[in-house]
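A single structure is presented below for examination.
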Amino acid sequence: MSCVNVIEKDRNVIINPLKTCQPLGAMFAVTGINKGFPIVHGSQGCSAFVRYGFARHFREPSEIAVTALHEDAAVFGGRTNLVSGIENLALRFDPDVIGIITTCSSEIIGDDVYGFADTARGNLKEKLGEAADKIEIIPINTPSFVESHYKGYDNAINALVNHLARKDEPNEKVNIIPGIINPGDIRELKHMLASMDTDGIFLTDISDPFDAPLRPSKTKEIPYYPKGGTTIDELRDSANSLGTVSICKYAGSGATSLEREHKVPSAIETPPIGIQNTDQFVRNVSKFTGNSVSEELLDERGMLVDSMADNAARYLYGRKVAIYGDPDLTTGMARFVGELGMEPTMVCTGVKYPDFNPDMEKISKESGSDIDVLYGQDLRAVEVYLKENPVDLLIGNSDGRLIALDLDIPLIRMGFPVYDRVGYQRQSVLGYRGGLYLMDLITNTVLEKYYEPTHWKLQQ
Amino acid sequence: MSCVNVIEKDRNVIINPLKTCQPLGAMFAVTGINKGFPIVHGSQGCSAFVRYGFARHFREPSEIAVTALHEDAAVFGGRTNLVSGIENLALRFDPDVIGIITTCSSEIIGDDVYGFADTARGNLKEKLGEAADKIEIIPINTPSFVESHYKGYDNAINALVNHLARKDEPNEKVNIIPGIINPGDIRELKHMLASMDTDGIFLTDISDPFDAPLRPSKTKEIPYYPKGGTTIDELRDSANSLGTVSICKYAGSGATSLEREHKVPSAIETPPIGIQNTDQFVRNVSKFTGNSVSEELLDERGMLVDSMADNAARYLYGRKVAIYGDPDLTTGMARFVGELGMEPTMVCTGVKYPDFNPDMEKISKESGSDIDVLYGQDLRAVEVYLKENPVDLLIGNSDGRLIALDLDIPLIRMGFPVYDRVGYQRQSVLGYRGGLYLMDLITNTVLEKYYEPTHWKLQQ
Amino acid sequence: MPYKLLEVDKKIPQRKNHVYVKHCSDPDDEIPDCNTKTVPGSMSERGCAFAGVKGVITGAIKDVIHVVHSPIGCTSYGYGTKRYPTTPDMPNGEKFPIENFNLKYILGTDLQESDVVFGGMKKLKKSIIEAHKEFPEATAIYTYSTCTTGLIGDDLDAVAKEASEELGIQVVAFNAPGFCGPSQSKGHHVGNLTLFENLVGTKEPLETTPYDVNLIGEYNIDGDLWIIKEYLEEMGINLLSKFTGDCSHDEICWMHRAKLSLVRCQRSATYIADLIEEKYGVPYIKVDFFSTKYCAENLRTIGKYFGLEEEAEKVIESRMEKVAPEIEFYKSKLQGKRVFIFSGGPKSYHLSKPLEEELGMETVAVASQFEHKDGYEKMKSRVKEGTLIVDDPNSLEFEEIIQVYKPDLILAGVKEKYLAHKLGVPCLLIHSYENGPYMGFEGFVNLAKDMYRNIYSPVWNMLEFEEEPAVGENTEVQEDSSEKQENKPENTGELA
Amino acid sequence: MPYKLLEVDKKIPQRKNHVYVKHCSDPDDEIPDCNTKTVPGSMSERGCAFAGVKGVITGAIKDVIHVVHSPIGCTSYGYGTKRYPTTPDMPNGEKFPIENFNLKYILGTDLQESDVVFGGMKKLKKSIIEAHKEFPEATAIYTYSTCTTGLIGDDLDAVAKEASEELGIQVVAFNAPGFCGPSQSKGHHVGNLTLFENLVGTKEPLETTPYDVNLIGEYNIDGDLWIIKEYLEEMGINLLSKFTGDCSHDEICWMHRAKLSLVRCQRSATYIADLIEEKYGVPYIKVDFFSTKYCAENLRTIGKYFGLEEEAEKVIESRMEKVAPEIEFYKSKLQGKRVFIFSGGPKSYHLSKPLEEELGMETVAVASQFEHKDGYEKMKSRVKEGTLIVDDPNSLEFEEIIQVYKPDLILAGVKEKYLAHKLGVPCLLIHSYENGPYMGFEGFVNLAKDMYRNIYSPVWNMLEFEEEPAVGENTEVQEDSSEKQENKPENTGELA
């Protein structure tokens, strides 16, 4: 029987992490709101590093404010910084939503961000009158020393929903919690929903904010912000949807809250990567809406099946693949790798979630492949592992590029961040069409690396 | 001043051709008809080689009949073969259209395919009665020793239009003559038309026939044929459209015939590759329909512009590119290469069309790049040229792969055929989104080849 | 009723005699009609005679220029289509300066209308001279007649003779225009004859040994020949000449000096073995290296001929040790799987029995594009009762066979592969292979592995979307796939 | 009115003193307020002190382990972000066994809630010991305080001392938590002090020459240092120590033995030069190698110091011969183009004049994230009347500057690049470069080329779809682009 071997970290020190701290996830979530601005209550680095990271991955600007905590705040608290920061932001940027994102510093100092938010609201009311009411100021606790960016994302979505969702007339929509994915992924989800005559409310939607056209004639300036993102009305309306699908298994709190508070049924699943996971997503949407799957989607599915029938046995079967990254993408990818007849011999994630290993067990059984699970591990662990256990392909983010280079294993780029190649943020790995994209990428990488040396084999 | 240097073939012998003979183009055209079957009046090789070529490029079956001429036909003519071939095809495959495609053999023998077609029609009428009337049998003259596959394609489209188009009530559609392009390209054209609220009639449409889903439960068997393709009603209705856009400059006869016979105005252009050519396509559609360009398309354009602003100066500017292939794709690609700030220093096409060199002059001026035009040349000429004049990138079909390998120049695969990598037939090089695809492909190839050796440059 | 009119052939009843169901009470010579003209308008998978000579026979030779005398199509289509890798090693120990020269270039005369009207011989002559100038390293120049040049009556032999004298290297004309003969098989024949008449006996080998053989009809598809070569050389046998896999022009010239000819592909190349035996007295034996059993048997036969029995046993033993566990594994997986073999020529009889006996599969149908009587006799003798044997099946027949015989796997060509897929059946490329070589002991493992991969590719369990999956579909696991790789041996012998 | 309250700053009027328009009648010391805290809630481009020490100073050292004592974020963000390539060459002639070790790894303590509650010193100690075990080849271990560990009061120095004794290699603690100081500049300072106090004077070089220098404040961004090294070595000068581009830990230890220190980045590294001069009497000079003119001037100064004037001239001459025609070409193209330089630190004053004088551009605005008074004085002295000088501009100011000053090109960082693009203005990465190196003669050509490429990228002429293009738009050609590459020189000196 194929089996899963869980290998946990056996050292204290972390070397080349596969995770980052909570605030990033919250900044990502708030950026997905139309006229939504994160304000990070922390040091300048807390926003600068993340803006830098977003810029090099998405190749877009990102407007993230910071309260710029300094030594004095460590002593006297960050009240002035946060209150004035919110006001400055509100007065200069005309936001609809301000998400207050805490950090290690502000959490350790023990700042009462809820109280400070109230103060800021009061001040703004004085300065702006009625106009202040439309600005939602939402505190989001994201202590950096608890869990990871995933938790920060989950906390942010949950805070948004708890703060904003209001029961009203039922709508015919489905809420989607997308997780930390790319603009291209969200566009593919929208395409799938549209194909099933379904409107979605994305909690939240970074597709336009992180992939905006360059059209100076249409660009909003001073302040610049991109069109798109989930509107505040949609966020409010999320209480009235037919259901919530969280395609991020590890960020389902918002879905659970909506179910508990507003009786919106939820489905919390692995992202729709590959055939079976996408089938499951389609079924979930179908279940909530009663709409059946469209011929268009079935044809897209059929095209993926068609190409898998062509390529999987011929070029991919039995190849060993190592996958590292966020737990949802790696789970989805591992299953798809199995569907392609390859063996996901190593899967590494930097965090620990109880569902992860049972999912790996399932995939191991399905694919007939033994899986070494590097659980709560780091990229150094991946490197050390691969030196002893070579694989044919590596799938993960750009942070593994030097490892791939040194070990001479082709790296299929996926996840966040990808900064040493272009265009990945515009692609979807989700849905049937995302499966086609991934399979082409994988197959062509295999052809280049393993077939080109005996090039006549490509003669057909 | 930048200039164009036209280099013609200085030998009789052709070495690794960049063209093939007329029948292929006609088979391609007829395959794009719903329930349309080509019957090649020639030797078995005339269909077998083409089916083989289609199979390895499109990775799809293609049903192309042949009259299987043998020695006796050389002596007595191919009448029996063609008449019985048509009958066998009609009786077993329930076609709507049969395109009779001549070859070198049948043209040299001097077979009267028009007369034979009449005979076959008569015989079918006897056997099938009324049912025979719905089968259109259309002779297409495609002597292999005249011009190239392009001419065969042009002849076929023209024959279809001349045979089928019937003036009737005006429709609100635009005819598109797509040229010899990929299913992905046609899908992108459909997307652009839909975005401009416009229905198209494709003359013809190979998108579904050459990219069909694998869905056994929905598959038409015995005879198998894929859904899609242009219907015979659409072909008839092409006389009533608002206009015809041929995005293949070298296959505009059908457009000209529709203009002459049915007063359907025409625009015959370079394919919409890159920004300016796509703008021109959009303007042409807009001109015929009166519909203005959609925000969706303008956003797609803006995303292409956005990415070009990011990548072109930084990674691509000034790089020398050699392009070879069909005259329309190479012309479109050369212009786009210039738009990216690269230099199309060599462009080679295997055929000769009077418009080609003036187009190169224009691109040379626009891009500020001297262009060596290998005009009516072959792949050996490309190889010899490149040994003396190295470039950074090569763009063309898979037939150049061994040249690229030997010269250590990365090959960007484009055109027909591509058989040593997968998925290219599903991609579009057309439209703004096709531009994004091409730019990503080119940029990532440059990053891999020219930046990876100093990998810190990819650190951002 | 051994002959069967398929449903789809109702309108072309002449096909009945090409479709035969093996029955024990039939006389032995009751076999499908074959090597006759294809029914016009049916979607035969056959190619033409030109494809037979250039595509199959001469295209594998490493050091010659091919000048196709044709309108552009035949030249384009003749470009490096088969997987015929070559080494640069020449018989004199030197290296041919252009790697995979045979895959890399094809030349042609690109005939125009005026050439058709006024004749193309001058253009051909010029082209041959230019070809020599372009590739002076080539040992010889081969030129090919095609439909056009056949019909307009260009005399290629005359041009070849002239050019040869002028250039001082051999120029050989192959007169197999596309329309000649019912299939590519005619081209094989012309290729054999032409090479025999023009080359064999014209040169002497640099050295000879008592163990010199000609390996005939082995084209090194995906490296097949390299496997066999290794076995024979380990036994002490010298491949004096190959015909024509990884071979040089000169090797063919001294085929008359071998002690024995081994004929591998008996459809395409028995001709030349016969001619050499007849004229030079070199005997030949027909050999079969597909599958471990045939391979072992034939190595023994060869060993016996040369008194190298022990050496043969050594080769067999060492290889069997390596492959036996793998074959055992694949047999456990392929047991009972129904296979339909649709080869170009003889693979249908090479493989039918080994797949049954060594891998436990069931051969439910065999077919061939261009086999002749002798081939079908062998085919029939090697299949069991009730097996369908079809000559030159067309695509509708292909579909009907799938519907009726429900194969789990089809071995066929790229033209058929995607049609099979659309009907939900995996199809493995058997002409040029997927992850070959398929010959010899290791090759048979490769074949078994590729069949296994195709049948067990998970995609076949996911063909249709299920609105209501079986309870727990998304969590439960199919016994089949969970087990499938349990005892999977380590990959070995895989070249790709 | 030299200070200017931008429109966007109406609600944060305290920004007025940071925005200055150069006026000739101002007293010299009238410069923007600087090195003060950023306005909360404004979108400053500044980073934190931790970024200043690890990202700028220590991250360039080739042979040390970095252990960040922090919750996971700081460690993740500290991973190989800058383009600091290193060679494996060690001072003793050996090779460091891991290539680009400094880019490849970062280590951290991944602090959890319990560590925050109970203190993280034990975990740090364990981590340092594990780090040594993991990379025994590393020469030393550097560990970093961060906001969390600063606030909970972990004593890194104590842990470093203990660990150092236990491991027998140097462990150095850098106490620059993110919140300390108004910008990354504080981190530079801490880095300088810490390295000086812990390293300098603790080892002796293997050999010395009369021409030994310290190259200080040069981090080898995209290979800058390698260019300067070549010049100096050609002159006969020995780079005894680099601080810290492509340098080893030990080099820093013997900086006190140099005859002269050269201070390249005067913002981040004058501190250590001062300290070395003070304690060890090694004099220093401030150098500038950006642009041909500054580079030549400074090489002459260095040459003069060592009596190597002729050698300096040789270097200058040979390089100028190579680059002069290229610079001439780019000048003809860049003439009159308006540029806005927004550097991290001193590049705003390094580049403003050269772009004007050598390339004919017009510097319309300069800004810096973290410059101090001395830097702004230099900035002011080097720009012409009316130029805007901004300290720590935020993103709305950035937008307004673009609207008002209409630059043709911006030199800035990746966080600003895409905002500039959205507003239709090309933006070149000046912190880590695009196709660098940008220093020295060849580097200045690279910079000119990259500016040229950005400005002349055809995309800027196609920003908007035109419903009704000017007549013949699709056939006519813009004079500009048709000319642009007319005299374009051959590519040279391009590394990428």
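Should a chain be cited, it is by its letter among A, B, C and D, assigned in written order, with residues numbered from 1 in that chain.
In this section, a contact is a pair of C-beta atoms (placed from the backbone, for glycine too) under 8 Å apart; a residue touches a chain by one contact, two chains touch by 3 or more.
Source: prediction; values computed, not measured.
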{"item": "Starting at subunit A, fewest touch steps before arriving at subunit B", "value": "1"}
{"item": "Partner chains that subunit A and subunit D have in common", "value": "B"}
{"item": "Between B-C and B-D, the pair with more C-beta contacts", "value": "B-C"}
{"item": "Rounded Å distance between subunit C and subunit D, as computed from the means of their C-alpha atoms", "value": "65"}
{"item": "Between subunit C and subunit A, distance of the C-alpha-averaged centres to the nearest whole Å", "value": "52"}
{"item": "Between subunit C and subunit B, distance of the C-alpha-averaged centres to the nearest whole Å", "value": "32"}
{"item": "Sequence positions of subunit B contacting 2 or more other chains", "value": "56, 59, 212, 214-215, 298, 301, 305-306, 309-310, 402, 455, 459-460"}
{"item": "Contacts with 2+ other chains: residues of subunit D", "value": "80-81, 100, 103, 414, 417-418, 421-422, 463"}
{"item": "Full enumeration of touching chain pairs", "value": "A-B, A-C, A-D, B-C, B-D"}
{"item": "In the complex with subunit A, residue positions of subunit B that touch it", "value": "56, 59, 211-215, 218, 298-303, 305-307, 309-311, 315, 401-402, 405, 419-423, 426, 436, 439-440, 443-444, 447-448, 452, 455, 458-460"}
{"item": "Interfacial residue positions of subunit D with respect to subunit B in the complex", "value": "80-85, 100, 103, 222-223, 414, 417-418, 421-422, 426, 432, 434-436, 450, 453-454, 456-460, 462-463, 465-467, 469, 474-475, 477-478, 481-486, 488, 491, 495-496"}
{"item": "Partner subunit D, residues of subunit A touching it in the complex", "value": "11-17, 19-21, 23-24, 39, 42-46, 48-53, 55-56, 59-61, 63-71, 73-74, 80-82, 84-89, 91-93, 103-105, 108-109, 143-146, 148, 212, 214-217, 219, 221-224, 226, 380, 399, 402, 406"}
{"item": "Sites on subunit D touched by subunit A in the complex", "value": "7-8, 11-12, 37-51, 67, 70-77, 79-81, 99-100, 103-113, 115-116, 123, 126-128, 130-131, 134, 146-148, 150-152, 177-183, 395-396, 399-400, 403, 414-419, 421-424, 463-464"}
{"item": "Sites on subunit A touched by subunit C in the complex", "value": "1-2, 275-276, 279-280, 282-283, 286, 292-293, 298, 301, 305-306, 308-310, 312-314, 317-318, 338-341, 343, 362, 365-369, 450-451, 454-457, 459-460"}
